[in-house]
């Protein structure tokens, strides 16, 4: 499902303090089926961009289209409800949203809010819990009796159970050990491919961008300043610095090797595998 | 929750912001007593002048103060109308048995209305210009004599201070949990009352769980950093009396004296 | 004073006495003054329990822990807490003060230290972590990296010998993580600090002097990063080691031995 933003300006209000124009006249198209990473400094507007996708933030000016659904400041009340049906959002530390007595009820919460009958929601719960790699017996347990990692998977299952067309992820691996993080990311990436979803991922980790994204958006001071393939982003060294970004580990090592050996590898390498291939190809290793 | 003004702090550098919190708290409390000296229109006029001067001095716009009164307006009007309807005396305009509207009633109603709003305005002045933590320090200082009665005054103030630190964190968290449940299809503020109450559970349970976790972490952090509840502690936060603070309290005394001079002797509207 | 500022001798700990399962089972190791020791292991290996034992939040069921040759016991733990500090995983929950400088002073207040000395120590500690400009900030408004700097300042103010980090860098983004690590390393060299860092980031562990691998509450291995990561069966390894293994698998002539980044770059550019 395609996402389209047309000159979207948005404010953010917390208590008596209003931050004007946290997003400044943003226009972009996110292609259906793409896996797009959103990066930028803290406070650059990344999270606000995500919140536009399901109306947690409503544009003051401009319009957001989620497939056929159009969200504007005038029609927000109705359109937002429809958008939330299509957009599944995995927040940072999603396990902190668990509340029900059993895992099953927690997973059924989303689908039933959107009018899925109880029997069907039960079936979905069983299907997604197995899909995220947990045993079906966990369904009858209290979510609070689970380990930290299991809680995260249950929370994710609760989002996948809504069968969204668009998946919006805010650092889904935050706080996990590297192995756990990789498992979470691989699972979401596989789900994205399998269902042909359109996925947006906010992250601070450039290795995630390198491994999973086929497009990357850079935010800076409430504006989109870059949108293209990751390879192109990580070749623009001065701009990267200016936007306060890092390089993926492989790319950083590549640049060091190129400088010290005074050679140029055949292509830009963002992952370990590609760097290993390029080093062998160039006859360095 | 966002509309509540009383109890909020507005950062600023006005004269009132710089006055010692103890002086401000004492002045605020004494104002409530001073209010009862007033008993005629001229004394109320003086009090209103005083109140407006304070509001102006705080550097916060009058509109914010008016917003602070709004949530309490029905309570005030209710009390005022009781006064108006059940006070007899002076010229009578309407008379329905026990219910009368008289000139005394109207005047008394006006006075009661003034008292209420002025108390709200002046306490709002105090809280808007004082950081909550400074108020806690002031309360701690003023309660020190109660230590002799074996009241754990220092512990209570530390508790207050920690609570104050957690309020913004918990408000943030409430927002996050609400957003997460909205994204899962909950629509807040819609449906019948029982339905709305049911929607509180998905917010309340996660908040409760995370607050417990935080409390445990914090207790551990305090212990590791050497906090023992019955040990004597020194204080890094310092309050310092300055000339302006003494002047502020003197102003309150002056206000009281002026009102005593201007009030009507031996004549009460109660 | 002996060269070991931490000595753990046959420590056993279990949460539940009914279960025979030990969270920590017969654990022994030592750490030298000025050493950076990384403790790695999977979730449930007992890493965090070890941290809470080292700072006396929990007491071993059997065995002994010595901090600077003094045994850690109920009677000595308060005194030892000046010598060993703990930084928690979630920076949000370890702050008690409403401003950065108040928080840094918290442990000093608990010592009932006179104001002038506190002031001096707080200023110095904040300067050491380059947070002087943020002294009056609300800690909850800082970034993750800044929060952990403040937490470190809160410990440094006590002039400790040992700092225990309980996954203190998990919540930081890669850039702040590097900045925080180099700050700690600098402080360690300047002040002969011993750092015990519980972590699951292998790139971080690779920078330590020694690594202790915990498995089911036992020491599986302890040694220099080179020794630990060279073993083929270790799957979670730093980036450079993963690359070396990959190259080897692709038929490269790269030496069959753990390399640091410098060593690898040097070998590639030979």
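Every chain is named by a letter (A, B and C) in the order it is written, and numbering of its residues begins at 1.
By our rule, a contact is a pair of C-beta atoms (placed from the backbone, for glycine too) under 8 Å apart; a residue touches a chain by one contact, two chains touch by 3 or more.
Keep in mind the model is a prediction, meaning the values are calculated, not measured.
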| item | value |
| --- | --- |
| Chain contact topology (line, ring, star, complete or other) | complete |
| Interface with more contacting C-beta pairs, comparing B-C to A-B | B-C |
| Inter-centroid spacing, chain C versus chain A (mean Cα positions, whole Å) | 31 |
| Separation of mean Cα positions, chain B and chain A [Å, integer] | 44 |
| Complex interface listing, chain C residues touching chain B | 52, 55-57, 78, 81-82, 85-86, 88, 90, 92-99, 101-102, 105-115, 118-119, 122, 138, 140, 154, 158 |
| Interface residues, chain C side, partner chain A - complex | 42-44, 143, 170-171, 173-175, 200-202, 236, 239-240, 242-243, 246-247, 250-254, 261, 265, 268-269 |
| Contact footprint of chain C on chain B as seen in their complex | 131-133, 161-162, 164-165, 168-169, 213-214, 217-218, 220-228, 231-238 |
| Chain B residues touching chain A - in the complex, by the definition given at the top | 2, 8, 171, 173, 175-177, 179-187, 201-206, 209-210 |
| Residue numbers on chain A that touch chain C, as the complex places them | 42, 147-149, 174-175, 177-180, 204-206, 246, 249-250, 253, 256-257, 260-261, 272-273, 275-277, 279-280, 284-285 |
